[in-house]
Amino acid sequence: DGEAKGETNQTITIGATAGPYSDQLKEGIAPILKEKGIKLNIIEFHDYIQPNNALEEGDIDANLFQNRLYLSNFNEHQGTKLTALFAVPTAPIAMYSKRHQSLDDLEPGMTISLPNDTVNLARSLNMLESYGWLTVDPNVNPITASEKDVIDNPYHLKLNPLEAAATPRSLEDADFAFVNGNYAIASGLKLTEAVDVEQTSEDFLIYLTVREGEEDEPFVQALKEAYESEEFYTYTLEHSQGYVLPPYQQEQEAKK
Amino acid sequence: MIEVRQVTKRYGNVLALDDVSVTIERGDIFGMIGYSGAGKSTLLRCLNGLEQPTSGEVIIDGIDITKVSKRALRQIRQKIGMIFQHFHLIQTKTVYQNVAFSMKVAGKSTAEIAERVPELLHLVGLSDRANHYPAQLSGGQKQRVGIARALANNPDILLCDEATSALDPTTTASILQLLKKINEELDITIILITHEMEVVQTICHRVAVMEDGKIVEEGDVYHIFASPEQPLTKQFVDTVHSLTLPPRLLEERTGDILQLTFRGDDAEQAIISKAATRFAVDLNILHGQITYIQDRALGTLIVELLGEPKERKRASAWLTERTNRLEVLGYAS
Amino acid sequence: MADEFVQAFIETGWMLGIATFFSIAVGVPLGVFLFVTSEGMFWQNRIVQSIAGTTINIIRSLPYIILLVLLIPLAKALLGTSTGPTAASVSLVFAGIPFYARLVESALREVDRGVIEAAESCGASPWRIIWDVLLPEAKSGMIAGLTVTVISLLGYSAMAGMIGGGGIGDLAIRYGYHRFQQEVMIATVIILIIVVQLIQSVGDRLSKKANKMNVT
Amino acid sequence: MIEVRQVTKRYGNVLALDDVSVTIERGDIFGMIGYSGAGKSTLLRCLNGLEQPTSGEVIIDGIDITKVSKRALRQIRQKIGMIFQHFHLIQTKTVYQNVAFSMKVAGKSTAEIAERVPELLHLVGLSDRANHYPAQLSGGQKQRVGIARALANNPDILLCDEATSALDPTTTASILQLLKKINEELDITIILITHEMEVVQTICHRVAVMEDGKIVEEGDVYHIFASPEQPLTKQFVDTVHSLTLPPRLLEERTGDILQLTFRGDDAEQAIISKAATRFAVDLNILHGQITYIQDRALGTLIVELLGEPKERKRASAWLTERTNRLEVLGYAS
Amino acid sequence: MADEFVQAFIETGWMLGIATFFSIAVGVPLGVFLFVTSEGMFWQNRIVQSIAGTTINIIRSLPYIILLVLLIPLAKALLGTSTGPTAASVSLVFAGIPFYARLVESALREVDRGVIEAAESCGASPWRIIWDVLLPEAKSGMIAGLTVTVISLLGYSAMAGMIGGGGIGDLAIRYGYHRFQQEVMIATVIILIIVVQLIQSVGDRLSKKANKMNVT
């Protein structure tokens, strides 16, 4: 697997999902690494499983698309040995509506769009549960809970899981829609206009992931340095408004 | 009346029809003969607009069908039946449905169709095959379906492209009889391509001989058979009136060999027997054929004239006067 | 879970049913149109033909996922909703029609010219020829093409889950793939295989029956 | 030698061949005639295994081809040429390639092919069409390609399903000549379905008459023409020797009307003229036909016998003795 | 961005090239096999035929996304990598082969039985008949089928992005769909339309040329 990594550390191949994370790699990180003579090769996936498989298989050196809960669940089910290294600026999930202004507008029979991928579906359900709109089976793994695991739905809400990128497109249709931060920003929604924004816990921050045992490889160090750099912090402020910042950037923010 | 005026048809560098002009009168049975590839099918296809001539006009009852609208052409075609050389039946329709199809096209009612189709199938001897598909038929059976289909709408004009070439002689005879009958009773114009000179002889009034895209000879059938002018026509006529003697016979013979051609009423005279009684000769008929074309006899005999030289000469002279043509094929050795 | 399978099955059936219906209802006329306006045919018209052909190509050129997304507004306008199996079938319909139209067109190209000419020589109108000659003669090939179309649509319908379409394929993706429930994956795949086998064998049988070239 | 033993072929409820047995000797030209749908094509197709009989055996040179392996059957077929009723040319190959195909099948070298194909095309008069596709040919041209293809491998057996039905008389004659020649020179067995009795008459040695899936009569051609036994055979023979007088003639006649049939050497005797000199009668030939089948004459004449009743009677008796058959069609009124 | 388009274009070309190559190389023999083992043909064999047919149906029954995922191990084994355009083409190959095989089979069904019989009567071996009769006679229909196949594969290739395959369709999805960049979407769609038009018109031309029924 040395080949993919690049013997001379001249090239780092990293997988990311299309959207904010590949953008931040391409526009924020790659220029920094380039100055150090390292080429960043980004492969865009639009899927949440293949980037992990590719990493495990050694086709890529690292990936950037998932939170720690998802990763541990993945490792557990797939027997992979991947490890989350550090968090990056993360777009929070939020609930939007074109018809309603607040959570108080709740009425029985309303339709709610949610992202249909495992993590974001669970996150959305988690938020709904926190509003007291429904109850999820406490026995299921909170990270893989799906609409089938809703055991109590007193308002007879119609839950409509869609492909994540389709949720902003469903706003015309649904009363409420949970939209991942990246898609919200890309589709022109403003986090500030959201009905409710997730209080993103550390568990839901997106982490840079590598194979176990490679935590100390030079390329990891290079990436880490790039992320923690001042330059990247500036980039984040400019391009990633409303993102939840990782601890190291929160420190940088505090310093200011 | 059908008038073909200076029609030319070109396929790439093949000139299939080369400035053809011909007039076919209403009620005619018009035969077309010629070598394979002469352009007969092409000419026939021009008559109902299946083929658009490269230049020239095809006028049917005063209308130039190369110029009319598609709708008008369809109207005209409903009154022109066509029997195809390769049948072209609808594979997914039964015999019954194939025939019914052309009636539906002409807007006939279901009742009419239900009455006429069995009648037509009976006429062509396929009553028991009404529900068979074309793939289940023999070649001749397919051809008969094509004939029934072409007749279904009582057309004014019937175009037949070798309509009987896949039929046995008896069936051919009965189909020809049928054509003759509808021609006489309903005054239908029939244009008929054939390779069988007997067919021409049996039912045609007029015949055109085609060669290399041109009509090289055209005329009354009796006339064409009796005095073909073009070498090609002679060849074709000879195939039915071919009086080639086996060489052996010519060698063995001791008398003069004469070929006599009779036309019209000559044929009905007792010339042979009269010559035998009048002169001291014996006339031995070696070969011969007399046919009736449009009820007029046309005959050729090859006779051996036996007797004294002098008598033979006299008999010969006498015969020459009384026959249409006398040719000496060989003198007594 | 059994319930979900039943529901997915119904959803798939519903989506495919709608898509197949419109693929036939619009694809056949469109295929016929492409054929009869082509060179040498009775409605020969180069311009109209190439407009139709290009329109078809444009729709065909959109990957199904994009088509699915692009048609969300249309689904919304037509059905008042942009999610769910019925909404998903809008894009299946749009995927199915041009696909099938092309296959219908090729099937028609195999019809013997002589037979068409024979019909023309009877004075048959274009409509009559289409109805009584072209369609019956090409039926066998058209059914074979429909089989290919329906199976392809079944494959596409798996993606309908993107806009909440549901169905068997979506079940396989969401549970079998995203949630690593191998049993679901296997079960759905088996169902899919059975469905495809069924479609294929019904298609083969009908196609063979429509072919009267080898009757006995 | 080809031996067909009790072959039956059934399509659904159609019995296309019904217990057919027939033997065809090496070097024969064997004709098959019969109504359309009689089973001729089916029988022919059994001879090279294209059709598997429902029951029965087809033995070619001692091998039952209904039982041999596919490979062996292919070997046998390479020595059996077949000309199809509907040509069945490969549409996507040119005329040249169609003929070359069957040679390639037989493993001929490119050089051999390049030499023989033009030769064959010349033989059938299609040299100028070598690079045309079947769709560009007329019916007869297609048929000639089929003929060239069947002859390409110098087959031992040639199966012809109406090989000349789409050909004009001249081309037919030349093809028949060709067949006769290869039959004589190369001892090829030819089996030939035809609807044209002239074809049978011109080249066949033996002929089988089929009706409803059965062979109803079979024998030497001369014999069949001279004394047909089955009504069907009579019908067919009559189509070439049809001596139907126009009714007008029969009405107008004043003498006895006799129909005389000659066989073999009778025909070469000067019977008519001898009768005329021997008795006080005139013999008026109204209609007649003499043909040579396998170099032997076969003739029919319809004569009017004029004279005193007594003389007529004597002449009649004399003629009866000297002809093969004498039939009185009408007595003097 | 222009760079990305060029690269996407190359990736698409690469994936389609590989998939088309194998669809022809394997799909044609498979289609021929399906046909010649069918009833009434020279290698008639019900069992072998239905095994082949079922195998094809099984592959056909997997929605492309699932096929893509299932074949990752194979891509890994064959190519040493499971991501990128070459890896994606493995699943395109598997989608293309059975699809095209079915279309080849239908094209062969349209070959005139009489012509096959004529070849048999010459004593031609099955191979010879396949090579010199079936394939040339069905060529026109087979090319039309290939056109449909390639355009469908182009659509599938858009999904190759799941495993980082890239290509034009993927560009449309990543930018147009996931990033809501309409201009990219429109640009890619225009490119796709041009590519499809091109494929279709080349296909039509070749198919017409192969058809010798209406030569002049």
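Here the chain labels run A, B, C, D and E in written order, and each chain numbers its own residues starting at 1.
Following the convention adopted for this analysis, a residue touches a chain if its C-beta (ideal position, glycine included) is under 8 Å from a C-beta of that chain, and two chains touch if they have at least 3 such contacts.
Chain-to-protein mapping (UniProt): B, D = Methionine ABC transporter ATP-binding protein; C, E = ABC transporter permease.
These figures come from a predicted structure and were not determined experimentally.
Student: Starting at subunit A, how many touching-chain steps does it take at least to reach subunit D?
Tutor: 2
Student: Can you tell me which chain lies farthest from subunit B, using the average of the Cα atoms as each chain's centre?
Tutor: The most distant chain relative to subunit B turns out to be A.
Student: Let me have the rounded angstrom distance from the C-alpha centre of subunit B over to the C-alpha centre of subunit E, please.
Tutor: The mean C-alpha positions of subunit B and subunit E differ by 55 Å.
Student: Quick one: report the Å distance separating subunit B from subunit C, using the average Cα coordinate of each chain.
Tutor: So the centroids are 53 Å from each other.
Student: List the centre-to-centre spacing of subunit A and subunit C in whole Å, with centres computed as mean CA coordinates.
Tutor: It comes to 38 Å between the two C-alpha centres.
Student: Could you check subunit D for residues that touch two or more other chains and list them?
Tutor: Touching at least two other chains: 11, 86, 136.
Student: Mind pulling the subunit C residues that touch 2 or more other chains?
Tutor: 69, 177, 213-214, 216
Student: Taking each residue of subunit A in turn, which ones touch at least two of the other chains?
Tutor: Touching at least two other chains: 49.
Student: Which of the chains touch, listed as pairs?
Tutor: A-C, A-E, B-C, B-D, C-E, D-E
Student: Under the touch definition given earlier, write down the residues of subunit A that touch subunit E in their complex.
Tutor: Spelled out, the residues of subunit A in touch with subunit E are 15, 17-19, 23, 43-47, 49-50, 53-54, 57, 59-60, 165, 168, 183, 186-188.
Student: Would you tell me which residues of subunit A are touching subunit C in their complex?
Tutor: These residues of subunit A touch subunit C: 48-49, 77-78, 113, 116-118, 144, 146, 148, 160-163, 166, 169-170, 172-174.
Student: In the complex formed with subunit C, which residues of subunit B make contact?
Tutor: Those residues of subunit B that touch subunit C are 48, 50, 70, 73-80, 82, 84, 86, 88-93, 101-102, 104-106, 133-136, 149, 153.
Student: Quick check on the complex: what are the subunit E residues that touch subunit A?
Tutor: So the residues of subunit E touching subunit A come out as 69, 72, 76, 81-84, 161-164, 166, 170, 173-175, 177-181.
Student: Looking at the complex, which residues from subunit B come into contact with subunit D?
Tutor: Its residues touching subunit D are 11, 14, 33-38, 41, 85-86, 136-141, 143-144, 162, 165-173, 195-198, 232, 235-236, 239-240, 245-246, 248-249, 267-277, 281-290, 292, 295, 297, 299, 301, 304, 306.
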